[in-house]
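In what follows, structures are represented as structure tokens.
In the two complexes that follow, chain A is the common piece, with chain B as its partner first and chain C second.
What follows is the complex of A and B.
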């Protein structure tokens, strides 16, 4: 199983920090979605991952080998750029010329597949890029990506400008190729509603940082929309971070994210009432902290009582009361440490925008 | 079997319920092969891993079983199993929400019972209707 790994990637363009501290690991045999607002750094990240753009900091490796100017690694990677964004550099080329160049860079190029897709999309090989519509330009990118045969294939905004029928077709093409070959696809897109279920994992980029990377279904499962009368909603979601808020008159709708740990805990007790879960998330955070601390305190006492004391027995002439104080102090330290640990674990399970 | 997926519920739960529905409606018969995860993925444009999660839940419940190298099949007695399971959940899934809505609208218990008695005859006609 191959891996494309980024460690501590940073990128600045003339003093402007575009990417910052990116740690990312992509495994083979998955379809990833890369989401983010305009200007979040998606294209820059993708171009750095495929060594088409040097990083200012950090490293990108494919199965442990650096990808930069390394043909052995690069033959497994294909970055199908959003050609609509770089019309300057390709506008003079015809579709045929562009695909010929792409084929030269992809050792596993599947000419048969390329020809099939060109026919299906009705692409005219003789047309120069300058005269292609936005959708046609996207189709050339899609042909390049699918025909490249690369184990890790990255598509930047592949559905931009495509009509709804063509987008549907694109999704099934990806699924067919994925079923056939198990190649990894990374797809950046803004059309989330259509494609969310296509992705096994989503990566969300915000202002040059990775906000989260999580299994799509798991993320959706801990995402709740709570709506109703303002005061009731506010009470139910007290203590929770609200990600989206809609107010109309007395009604309030908010989107909240529960931590994965809470859902696991709830599921293990057979508690699956969403309303109850939302209501308790804020409190459960405290229950977890206090609960862990209490367990730690007991463990501290037990440790001192059954292990530490017998060891000292007979060798030190400290009174029992002194040792008890010692035990309590030890437990107190453990109490604090584990409490803080538990608190940060629960807090970090939430996403911060 | 293609139906529209909603955003209300997890996709793999919906895949699981769609297969169950097809078994209940005799679209899929016992000992018959069910669509592969790749076929399901393509049909609903979802990730094969998600489709597999739904199918595997049914394998765990003994409603489907795997034949190595051939695919997934509907187990003998699957239909009965699904009916029993859904009967157990009927109160939670349907009656509770029915009573809650009746309460909001000020419909009395007797009126609800009367409607149920009247509606029981027409129940056969709403066979194809999906909930919500």
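What follows is the complex of A and C.
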């Protein structure tokens, strides 16, 4: 399994720190989403990962080999930049000329795929870049990225300027190619909603730092939207990190991300308990925790009484029953302990926007 | 390295073709103009003064194209497509030098063709403009020098961005407009400001022997190439 690894990456532009202490490991066979606001450092990070820009600090390696000025490593990487931002370098070229040059430079270029995508997108090969629309320029980037055949293919804002239909088609193309070849894709985008089903992992970049790198499904399971009267929502989410806030009149809706402790709680008690804790935290959290522990103890006892003991087939002894009851009580105590741990986590969670 | 050269050629060949086409076009315009002057003026001497004007125009186009080379565009495009900076520098210099040599050879062909045409159509005319023949023989090293300067200026533009536009423009104007004016004034108006500067320059040139100037020129070329390498070594895509 190939790995593209960044260690302690820093990048400064004219005294301004754009990237700070980035540690990142990208494994082959995944689709990563790089999310972040404008100016968060997404393009800079991607260009440093592919040796298009030198890092001020840190190093980037591909399977242990440095990427900087290393043709062997660079052969495996393709960074399809936003060609709209490179207009000075490509404006004099036609689409046909640009793709011909790209084909010469990419060792695993798939000419058949390029031709198919050109037909599908309806790209006019004779048109110079200077006369292409924003969407068409994005399409040329997409054709280049997909046809490059590179093991790690990185796309910078590939859907910028594309309409909804073209965006959907792009996501399908990426998934088809991923299923066919198992290549790794890293896609930077702003449109999170449309791409949540595409990314296996998301990397969130903010002010030059990686806020989060996590499996998309796990992240979605940790995210909750709490809405209602402003004071109740504020009380319910007190101590939690709020990622998004919407106000309509006296109503408030917030998106919160539960920490790993809460995830343990969710695994132990079920999502219902977690939701209850989030909803009613500050008022009845002890009732929820103790109640669930009591239910767990009763369930353990019932399990022993109605399922396990009959299975002993008459070989029941009082001491054995006592042991089972003790085990059920132990399970209850364990649940209670995890509940206390979860509540402590909720209570001490940091609130940030 | 051969494959890198092939890639570099794939990027540059369109521009070289355009350059050769411009040269051929300029040459054709020069030939036509010469013919029109010859027919209209009905004065053999006046037409003869034009000499191999078509080849001179084509040479001017070649020099212009070499100085206006696209280092910035090529660098950004090729590094984006996965070339290392070292590979870029080596292949870029090599392909540019080969292209310049080819263009120089093509200019020689145009010059020879124009001389043959002149001999056929205007048998009484002068064969060529004085000094152009020897200049043509030095065309390849001259183009290489201009090319090195042009790549150096391109590297400066990459490194310093738009801040370098004005100094580069001023240098270009001094080299191609003020320079010839100074040298002409030194002969025709020696007491004018430009004439005095020109004479001082020529005296300075005559101060050292030609070999010493050759050494200075070689040192300058090496310095330019070295500074270009240093700039591009850690240059980012802009």
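Heads up, the rule we're going with is that the second predicted complex is superposed on the first by the 270 of 353 C-alpha atoms of A that agree within 3 Å, B and C clash if a C-alpha of one lies under 4 Å from a C-alpha of the other, contacts with A are read in each partner's own complex, and residues count from 1 in each chain.
Convention: contacts are C-beta pairs under 8 Å (C-beta built on N, C-alpha and C of every residue); 3 or more make two chains touch, one makes a residue touch a chain.
Remember, it's a predicted structure, so these values are computed and weren't measured experimentally.
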When chain B and chain C are modelled together on chain A, clash or fit: fit
First, second, both or neither for A:137, with chain B first and chain C second: neither
Chain B versus chain C as contact partner of A:31, first or second or both or neither: first
First (chain B), second (chain C), both or neither touched by A:77: second
First, second, both or neither for A:154, with chain B first and chain C second: neither
Which partner reaches more residues of chain A (counting touched residues only), chain B or chain C: C
First, second, both or neither for A:252, with chain B first and chain C second: neither
Contacts of A:168 with chain B and chain C, given as first, second, both or neither: first
Chain B versus chain C as contact partner of A:217, first or second or both or neither: first
Minimum Cα separation, chain C to chain B, after superposition on A (Å): 28
Intersection of chain A interface sets (partners chain B, chain C): none
Footprint of chain A on chain C - complex, ascending: 6-7, 10-11, 14, 72-74, 76-87, 234, 236-237
Chain B - residues contacting chain A, complex: 5, 10-12, 38, 41-42, 44-50, 53
Touch list for chain A against partner chain B, complex: 30-31, 168, 171-172, 175-176, 178-179, 194, 197-200, 216-217, 220-221
In the complex with chain C, residue positions of chain A that touch it: 47, 51-54, 69-71, 74-75, 77-79, 81, 86, 88-90, 92, 97, 100-102, 104-106
